[in-house]
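Some notes on the structure that comes next.
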């Protein structure tokens, strides 16, 4: 490889860039806002998934014993729960404690003084790591000795799981759609920058440049558009997050947004990759139209 | 007005369009996908708002009487509820019915046979039209004679209301941001189409065309880009809704999506307006750069 | 008609194209501007249609201080003169007919007027049969004649021609020069920047020679080379 | 070197630019192509560098069937010949230096070679002082000389010149023609399409006259007009 040629080639790309600065800035701006959209969407999606996961993890299974269950049966269940990999935590709630809680829940509207005896049984509260296994765990506990009933927010868990599935599908569809949109917008933009220079392309070919020779600087330019545009986008996203995230977390404390960890580096890398790939491909193909072979 | 001139002017616009068909299609495509994004967002926002509203409307206030409340007191409350404009519906739940419901809720885990007497009081279930008035209604009922306790999902209502407020703010911010993004993308695109014809613009001026004269066909072209792009976008959105909406409604029946009425016409008109306005403005301003005055 | 007083022109890149040029051109004059390549002929013409603005001096065309014009006034000036550009400056996405008609449209001419005048003018330059072609479908000489047609279609009071016959064969050149002469005799002031020695020598009109941005000679009824007649050539 | 056999060329818009043209040009020849405007000179040259493809007939340049070439072969052909385009075809966003250097770069020339050859060539056409200017900052003649420099910088075996002196003054024209002659004597075949009668008449080289897309006359050591010498003109 002749170093002079590499220098010439890079110079070529650099000159294109500086001598059409306005046009290049326009293209980069378009790439940037498009990638911002993409990034925003990816980020919202991951955050929502994180929040949803945490909500689902808070779901509890209540395991009620028969009123006449023995302490041995209760200890047996404790062992079962301890042995179950799917169970992340559990607490024992004796019947006295249960009545207090019921009273608190109904906020005094039940006249507990009228009860001659505590009608509630002992119970376990169980948390499960993977929300989709809640129902399986509940079913397995139902058969244990001394257990009268196993209760959990069946509809809620079902709906949340369903919502999760649908959201996942919808968001994959949306990502694909957004990627297409980004590809269309960016490649249209790059196509227009190529169109604006169709005369130069024709001349280069008339002077004896091969199609590849003409194409390479344009493709590099497309890569640069993608790269710089994505970098600008990442900057915007970073600033945006720094400025707004804490406010949002403060406005909706119960979502515990700060606890939702979204890995930013992979998103950033994905966005860079997407920007560069679309830039390169669309230059490659748009210039094809103006190359007479 | 000379009819010949109008004809010439329209011809001018038409010629620009047909003679640079590729470039025009590119611009229209970009406008279209951008407007699709905008439209999708508007639609999702309205749908979410509708669903949220319906969820909030399902919130109930439980009004518990003292166990020794008289039928007269209960009838009085019935009158009060009937008179209250904010209340949309209410039902009386006698203590026997209440016990049945409690038993159903706890799924048999409470040993009701041990109860010598029904410990529950009579109650009213009340629904309020405007979710933000739930707490006011609850407070006003608290003072009525015979009422022991007024209970509603305070945290839930609070959170949902809070979420609604935040979502409204966020979505307004997002709409503004998306509008900016759309404006940037569309105007960059149109700027590039103008850039590609900067030589023609210079020549027109050298031949004696005033800035306005040169500008008008470009602005009309921008309007056409906006108009046609938005129309294509509406078509895409329409087809998309027809194809996917029913599937989504089926996948998440409890969201009752079909019951959520989203007015499409106003969205469509807004999108058209936005497309045309951005198209016109960005042509107007981009050409300004290439007009030497 | 034209009065150029102590005009200098320095381009943004620092090139001094004109250096203290003073020139008076009377109404109805026919003037040749000659001089070697890069000597400032086109620059001088550019000043007259406000495509360049002098660094010093003043320019009056038909009573108007051209160097002070702005905005719509510039457009108005240009509508009142015809310019044949050295590089033609045709609109690539318009046909020959439309290119010529465009110059009339900007003056606000009526459609009927345009439809009468354009074919006549195209006929004059021998392009009637090419009126529906685009510039990219024309030969060099045909493009040049389109540019000529556009410049004369409005019957301008002042006609500026920058190398109007550089791509034309002798017959077409003679015809175009005849045409310019006829336009001149009808009262139009004509300024022709040219390198074509035989054209200049045959016409015997006023000849101004520029060298290095200055006026070198200014002869009534002159030749391309000072004092040398038609058919004679300098050295070998 | 060049063999054009029974070539016709009809453009997509239906214009028949060349009609059954047959022409042989020997290696080392110097040939003038003359004829009135729109008669097919540029079209004939375009065929030789594959910018137009004949509707009928065959074209052989240096042993290669040009009309059959495709893709990278076309680029290779063009790198082996030099073309001065009638409309210059300079790259607007490159300086004079870069425009000329570009033609060398595409041949894969080494940087050292380029840095030696480009200034020499610019010097030959008298543009050394303008090498950092962009085409838009040049006069018409300077643009033309840039185009000439680009065409000759690679020492092509075949040099096609389409109206190479249309924007040049007589002195520059004479210099450029001398330059072409010198290049020719070093073995390069030169074809010049021109309207410049005095250039043709002074050089006394082979003259091919096209009329309406056909070869009208073909004279060794000819004049612009058949049998008429330098300084004489047809009719008036």
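Each chain gets a letter, A, B, C and D, in the order it is written, and its residues are counted from 1.
Here is the rule we use: a contact is a pair of C-beta atoms (placed from the backbone, for glycine too) under 8 Å apart; a residue touches a chain by one contact, two chains touch by 3 or more.
If you're wondering where the values come from, they're calculated on a predicted model, not measured in any experiment.
When the partners of chain A are compared with those of chain C, the chains appearing in both lists are B, D.
Using the average of C-alpha coordinates as each chain's centre, A ends up farthest from chain C. As a whole-number value, the distance joining the C-alpha centres of chain A and chain B reads 23 Å.
Spacing of chain C relative to chain D, judged by their CA centroids, is 27 angstrom.
Taking each chain's centre as the mean of its C-alpha atoms, chain B lies 67 Å from chain D.
If you average the CA atoms of chain B and of chain C, the two centres end up 63 Å from each other. Chain-to-chain contact here is organised cyclically: the chains close a single ring, every chain touching exactly two others. Chains that are in contact with each other form these pairs: A-B, A-D, B-C, C-D. Partner chain A is touched in their complex by these residues of chain D: 49, 51, 70-72, 74-79, 83, 85, 89-94, 98, 102-103, 105-108, 110-112, 150.
On chain B, the positions that touch chain A within their shared complex are 22-23, 26-27, 29-30, 33-34, 36-37, 62, 64, 67, 106-112, 114-117, 119-121, 123, 148-149, 151, 159, 162-163, 165-166, 170, 178, 180-181, 184-185, 188-189, 191-193, 195-196, 248, 251-252, 254, 289.
By the touch criterion given at the top, residues 11, 13, 15, 34-39, 41-43, 86-87, 130, 133, 137-145, 162-163, 166-173, 195, 197-198, 224, 231-234 of chain C touch chain D in their complex.
Listing the residues of chain A that touch chain D in their complex gives 2, 4-5, 7-8, 15-16, 19-20, 199-200, 203-211, 213, 293.
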